[in-house]
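Should a chain be cited, it is by its letter among A, B, C and D, assigned in written order, with residues numbered from 1 in that chain.
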Amino acid sequence: MSPKSAPLSSRIFTWQFAFFLLIACCATFFIVKRFIFGIGSVANMNNGYPFGIWIALDVVVGTALGCGGYAMALLVYVANRGQYHPLVRPALMASAFGYSLAGLSVVFDIGRYWQMYNMFLPQYMNLNSVMLEVGLCIATYTTVLWIEFAPTFLERFGLKAPLKTLSKMLFIFIALGVLLPTMHQSSMGTLMIIAGYKLSPLWQTTWLPLLFLFSALCMGYAIVIFEGVLSQTGFKRPSEAPMLAKISRVMNWCLGLFIGLRFFDLFTRDAFGLAFTGTTQANLFLLENGLLLAAFILLLSPALCKKPAIHFLGGCFVLAGSGLFRFNTYITGFDPLTGHTYFPAASEITITLGIVAIEIMAYLIFVKTLPVLPSIGKEPHKI
Amino acid sequence: MRERDIITQRLGISRRDFMKFCSATAVAMGLDASFAPQIAQAITAARRPPVIWLHGQECTGCTETLLRPSHPTLDHLILDLISLDYHETLCAGGGHQAEQVMHQSIKENEGKFILVIEGAVPVKDGGVYCQVGGKPFVDTVREIGPKAAAVIAIGSCASWGGIQAAAPNPTGATGVPAILKEQTVVTIPGCPPNAQNFLSTVIYFLTFNKLPALDSKNRPLFAYGRLIHENCERRPHFDAGRFAGAFGDAGHRLGYCLFKLGCKGPVTHANCPIQLFCEVGSGAWPVGTGHPCFGCTEEGVGFNTPLFTQAKITIPTPAATPPPITTEQESQVTPLATTLTGAAVGVAVGAAMMAGKKATSEDEE
Amino acid sequence: MSLSRRDVLKGAACTGLVLASGVNAQARDKTLPPAALGILYDATLCIGCQACMSGCKRANKLEPDPSGNESLWDNPTELSTKSLTVIKQYRQNETEDKAQTVKSGFIKRQCMHCVDPACVSACPVSAMQKDPATGIVTYNKKACIGCRYCQIACPYNVPTFEFDKPFPQIVKCQLCDHLLAKGDIAACCQVCPTGASLYGPVELLKEEAKRRLALPEGQVALFPANDIRTGRTVSHTTAEYQQHIYGEKELGGTQVLLLSSLPFAKLGLQDLPEESYAGVSENIQHTLYKGMILPMALLAGLLYFVKRNER
Amino acid sequence: MAKRIVVDPITRIEGHLRIECEIENGHVSKAWSSGTMWRGIELILQGKDPREAWIYTQRICGVCTTVHAIASVRAVENALGLEIPMNAQHIRNIIIAAHSIFDHIVHFYHLSALDWVDIVSATKADAKAAAKLAETLSPWKHNSAREFQETQDRLKKFISTGQLGVFASGYWGHPAMKLTPEVNLMAANHYFQALDYQRKINKVVAILGSKTPHIQNLAVGGVANPINPDSQSTLTIERLVYIKSLIDEVGDFISDVYQIDVAAIGAMYADWTGYGEGITNYLSVPEFPQDTKGETFLTPGGYIPSKNLSKFVEIKSFHDPYFEDNITESIKHAYYKGESNLHPYKGETEPNFTGFEDDGKYSWVKAPTFLGKPAQVGPLANVLAMFAAGHPPTVDNATRVLNIASSIAGTTLGPEILHSTIGRHAARAVRCGVLHDVINKEYNSLIANIGSGDYDTFNAPVFPKGEIQGVGMHEAPRGVLSHWVIIKDGQIKNYQCVVPSTWNAGPRNDNDEPGPYEAALHGTPVADPENPLEVLRTIHSFDPCLACAIHLYDPNRTELTQVTTNV
């Protein structure tokens, strides 16, 4: 393994941390409430909108944000771009968090959580179900992610022997770590195909699996750029701009594929006209694609890409646009045509924010206690 | 069976004593002793069942209701159907004379008379809040109750305390069933109850020689088996969602449902809408004339739930008008939720912008 | 310990086969089961009395659902966990539909018991099952994990979920499956006074529906009531029908068939293609994952690249 | 030596009343009256919604049903200054008049006639002679010999069963019973007929009031009866016509039976025009408002001091301070603490039981006074006031009753005989005739008003923040009834009822002047102290209504020194 990583040794408990802790506590309160009084007591989900932001944001967008590991693995191990290796470990960690917390969200989103293990019992498995594929695949991938991330722990606690064994087998998990997201990120697209007319033609297409796969890749690279810049500014670390600039080029390729497919599909299905009907759906569609197009154009020039502000902005646009694409596919593009409406309840939002807060807190703890970020040889300032 | 045997069996006295008694009775009534054989014959013939009617904390409204029906009329009732041996409002004599007749009747007819009680029984402070003949009413009820063949509590007061039991119940008023716990006390609640419900109960008992079927509060099912709401003539308006909003408004004048004015029909068991009052035909009951029911027959409703407070619908049934094809659900957007959303997006965008700025500036350094 | 590439490939292939031959990997059968039971709801005979709703509640021991206006009535505006069937009413919008001759009409909403049910296809744990004989779509709470994907999947928005309970279930019409053993029929058809809801074998119901569509308007005719097999009839004047049996072909067909004199779109019933969404979804899924061949091939490739590039 | 007797319970009245008398030389020399039941309704009312106070107060009495309801809504309306739509006034007035007619008929025939009429004696009458007598007195259509014979047979059959029921305790053959068997039979016949006619006039109350006893069509601000001649569920033309036909039928009974029976029995008991005068300060209030504010009335009312009709002072409106300001209640002889002669708005009811003191405190009933004097209320007071005001229907009816009585008695009986036990019965019969005139006028006014297109029946009350007070006055069948309410922030703060039986049954006042019962009993002859029929005659002539009168009763039992053992 190439350049060494080292923990940041600054104080964990800062005022920012306290703020996130407060949010997490509020969220915990509502989560307890949900288990005592039912989902309806904290969330606005209803029979028209059975999926709310816990699925749409925490799982569908959240796992895409956790695709950094996937995207980087693809780049480093499959495309053989070893120079990006320093970015792999932080990306893996973010992925592990993203997927784990998505899994956590699922536990309180699922109504009959105490029977969740039925998914793993052959007598209950329905192989026709996309949901089964997604569920099993995510569960497996989360495990794979932690195995991939395990060397970090082993290094931290100086467990040489297991580290050695693991290193030998790691290639299998790395391969699985590429295969599984390919499967379930595309399947998350397939998931909504069965909704038929309930999903607006602006999103409903048999190309959804491929679009979701591309958007996962885009977001995977975007999150690597985003986190790279943030950790650089947040922890006063040296700039990784040249590397991030190159990744932004890779990302733009994926984005190009996505946009190309998206518009090709819309035009062939004759659905593009709906984008200008002035409805909320249409406007969000325009916003979604506006952000993506802006990012695409911004990052077209290799020279511009080198500027941290540009590739950071591009990354942000991709995160926002691609995230919105996924959110729209699950929430705003969805309308059962029964008169039902959905807007998350404050408590429901708090739970989602709590998940994000936990993720950030865990990130901070990890980078300050574990060798995640590339070692730079001098003590950084505390944040 | 010979007459003598009948006398001996029924009255437990010899024929000679019996004839003496008849002569004395005739004289007591201011008649010639020559009436004695007639009286003797009457006594050995089918006797009208004796009824003792006691008054507790009451307003005499229940007695008043007996003046209203024509089947049977009050005179037919007390001259031909029953022998009303004691009743304060109707007794020809007063004081000592009336009390004496009552005690004699109870003695002679122990286990055979019908006891009707009108009015509540106050039990606070030893029952001093109602005394008749110098004696707390509660003691009288306890004394006479067990000697009766059947006990009927007429009116809400006798059934469960009625108006004087309303908060703060200053006299500790309660119903007869709470006093005579060992016996079945038929209750005919209402303020006052429909006289026909009382008369039907009495005549049921006289005709079939048993009490009518009762509900859990000992009310005859034939009169209290259903909610007023179930038989109300305005029910279709309820089902169709047509309500009067105030006395005299357009809906009120069209005969719409009075639920919103506080009608307690949905929680009150009684036959008012089908039995009607005072034999004047259609609409002769409170809801029929346009006033909400206040639940006088139902313990815990009448004198308990304020008049204009809406009743709780316990067993909802489908409305007459099905819902439209699409019902637009209410917006779930709350200020707090939008604030949170805005704040979250704002923080994310702001943080990204700051980070971007920093990155740029460091880059330029 | 070291694994040869060959071993890995073998193992992967085995896993794929195990998955592919799973217990519930039933083949898609898009034809009506031979003894399929269903309901023919004729909106032209419906009087909106809602006896079916009350009857359904009694038969299924459901609580009242005063979720409608002001909580005074048991009148859900939609199917709910307490209402497995709902009668809705279309009322003409004077400003928009002036030319229209039929001014109002009822529609009964309930589970359509699809020939190719999306809920059955969607459920990850086989909690939704289509009875192979009667075609009734049933729900098994022992299997259900409460993911609510069946709700997303159902094109008729039928399954409902107990959002207000800590230990919730999915609730939907099961065509009074529990009464069939006793020789009874669906409660809604049992209590329907006009024969608007008619129970029976779907094949017979289809024939009856076609007979009705052929009846001239305005004539007195006999209509089977309650259960088409019993021969009980009631007499009505025929209405002018839309020449369409809703449910005959929609998304592969349903076992609940609807007739109306109003265009079905006005009654909130979507104009649906003949191919089921479940079919589309499953086709994609099976194209990608049939026998797990594609994923396994991909994995093999990945292993090769990763091993090669891992340095 | 004085002999003391106790009559408990007093029967054929509403409520629980105990009367004690001292008898000296065959006449009552002193009397005490005591209510024996308390329900605490005024306490229950505190804190309740003033809009439903009438539901509670109406249950004060089921015989004077409606009157406490009417007084209650008027009190709250008075406090609010709320006007009442004309239709509501007319509907209320018809109910008031119909109820009063019913009450007077039932009082005479069913609650008091048995004091004067010997039912048993009627079985010895010659039915044909009785019919002939009746036909000479009246054109009444149901006075045939056949009907008299039927009644007599019915009585004979009843008596021969030996089960006399409520009649078993009667004073049959009492030396004070003086009517001939034929007159007794006529009265008995009318006793049964009166049951039919009270039912008919009650139907008027039931049609408008939903039911009776205890009507349920009132509202603070009007009535709950909707009016819309073109709707089914309202006061329809059919209902109105039904009312009219009932009014007409009962009118004949009043003029051809009731008034004649009272005149005849009065003439035959002419000696009783000399007993039972009692207090002769008479108080009554105007009734049957003819505008929305309660300022013009169909029957006048006012105050007559010491039976001097020329000193009559009219009470002019529902807000007349002459009435509102001049009432006080004395507690010098009642078991209460605190200041005596307080105005009802300031009324206190803190008990102070001292035991029975002949010259001290001895009653639970307060002694109301008007202008510091005790006053008699009731139909007599009302008739005298209307007579003094020259009210034509009153003058006509009074002249008619007195003329019939004069012709039977064979002497001229003038209005002065009214100040007596018999006079109270006569006044009630006169008032009943007046009420029939009123109900006809009210009916016509209601029809005319509806015909003019006015369908209003209700003005919604709005309660202000802060404290308001009001009085509701009503000329009830037993006399002046007034409810006094203090409302704070839309809730009842204090509620006091000054009722007819309080005026009449009250004890001595601050000046030790006896109350009307006590004064009227003074001098009443008692032939047989074991059977004090005469006491009942005088007490019954007031039509006592004790449930209304008792505000509070002793938590400790009242022990009386009993001179005789006759309890």
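Heads up, the rule we're going with is that contacts are C-beta pairs under 8 Å (C-beta built on N, C-alpha and C of every residue); 3 or more make two chains touch, one makes a residue touch a chain.
Owing to the predicted nature of the structure, the values given are computational and were not obtained by experimental measurement.
**Student:** Find out how few touching-chain steps suffice to connect chain A with chain D.
**Tutor:** Step count on the best path from chain A to chain D: 2.
**Student:** Give, as an integer number of Å, the spacing between the C-alpha centres of chain C and chain A.
**Tutor:** Roughly 34 Å, centre to centre.
**Student:** Measure off the straight-line distance from the CA centroid of chain B to the CA centroid of chain C, and report it in whole Å.
**Tutor:** 51
**Student:** So the centre of each chain is just the mean of its C-alpha atoms; given that, what is the distance between chain A and chain B in Å?
**Tutor:** Taking the average C-alpha coordinate of chain A and of chain B, the gap between them is 69 Å.
**Student:** How far is the middle of chain C from the middle of chain D, if each middle is the mean of its Cα atoms, in Å?
**Tutor:** 74
**Student:** Multi-chain contacts in chain C: which residues touch at least two other chains?
**Tutor:** Each of 77-78, 268 in chain C touches at least two other chains.
**Student:** I need the residues of chain B touching at least two other chains; which ones are they?
**Tutor:** Correct list: 326-327.
**Student:** Multi-chain contacts only, two chains or more: what residues does chain A have there?
**Tutor:** 46, 48, 337-340 - these are the residues of chain A that touch more than one other chain.
**Student:** Sort out which chains touch which and give me every pair.
**Tutor:** Those chain pairs satisfying the definition are A-B, A-C, B-C, B-D.
**Student:** Along chain D, where are the residues that touch chain B in the complex?
**Tutor:** Touch list, chain D to chain B: 6-16, 18, 36-41, 43-44, 48-49, 51-52, 55-56, 59-63, 65, 106, 110-111, 114, 118-121, 123, 154, 158-173, 192, 195-196, 198-199, 202-203, 205-214, 216-219, 221-228, 231-235, 239, 242, 455-458, 460, 530-532, 536, 547, 553-557, 566-567.
**Student:** Which bits of chain B are touching chain D when the two form their complex?
**Tutor:** 22, 25, 29-31, 35, 38-43, 45, 47-48, 50, 55-65, 67-68, 70, 73-75, 78-80, 82-101, 125-126, 128-134, 136, 162-164, 166-171, 173, 191-192, 194, 233-234, 246-248, 252-255, 277-281, 283-286, 288-291, 294, 303, 306-308
**Student:** Quick check on the complex: what are the chain C residues that touch chain A?
**Tutor:** Touch residues, chain C against chain A: 1-3, 8, 19-20, 22-26, 28, 77-80, 118, 120-127, 141-149, 151-153, 155, 157, 159-170, 251, 268, 270, 272, 277-278, 280-282, 284-285, 288-289, 295, 298-299, 302-303, 305-311.
**Student:** Show me the residue ranges of chain B that touch chain C in the complex, using the header's touch definition.
**Tutor:** 238-239, 241, 259, 313, 315-327
**Student:** State the interface residues of chain A toward chain C in the complex, per the touch definition above.
**Tutor:** Listed in rising order, the residues of chain A that touch chain C are 35-41, 43, 45-48, 50-51, 76-78, 80, 82, 110-113, 115-116, 118-119, 121-133, 135, 165, 168-172, 174-176, 178-179, 182-183, 186-187, 190-198, 206, 209, 334, 336-340.
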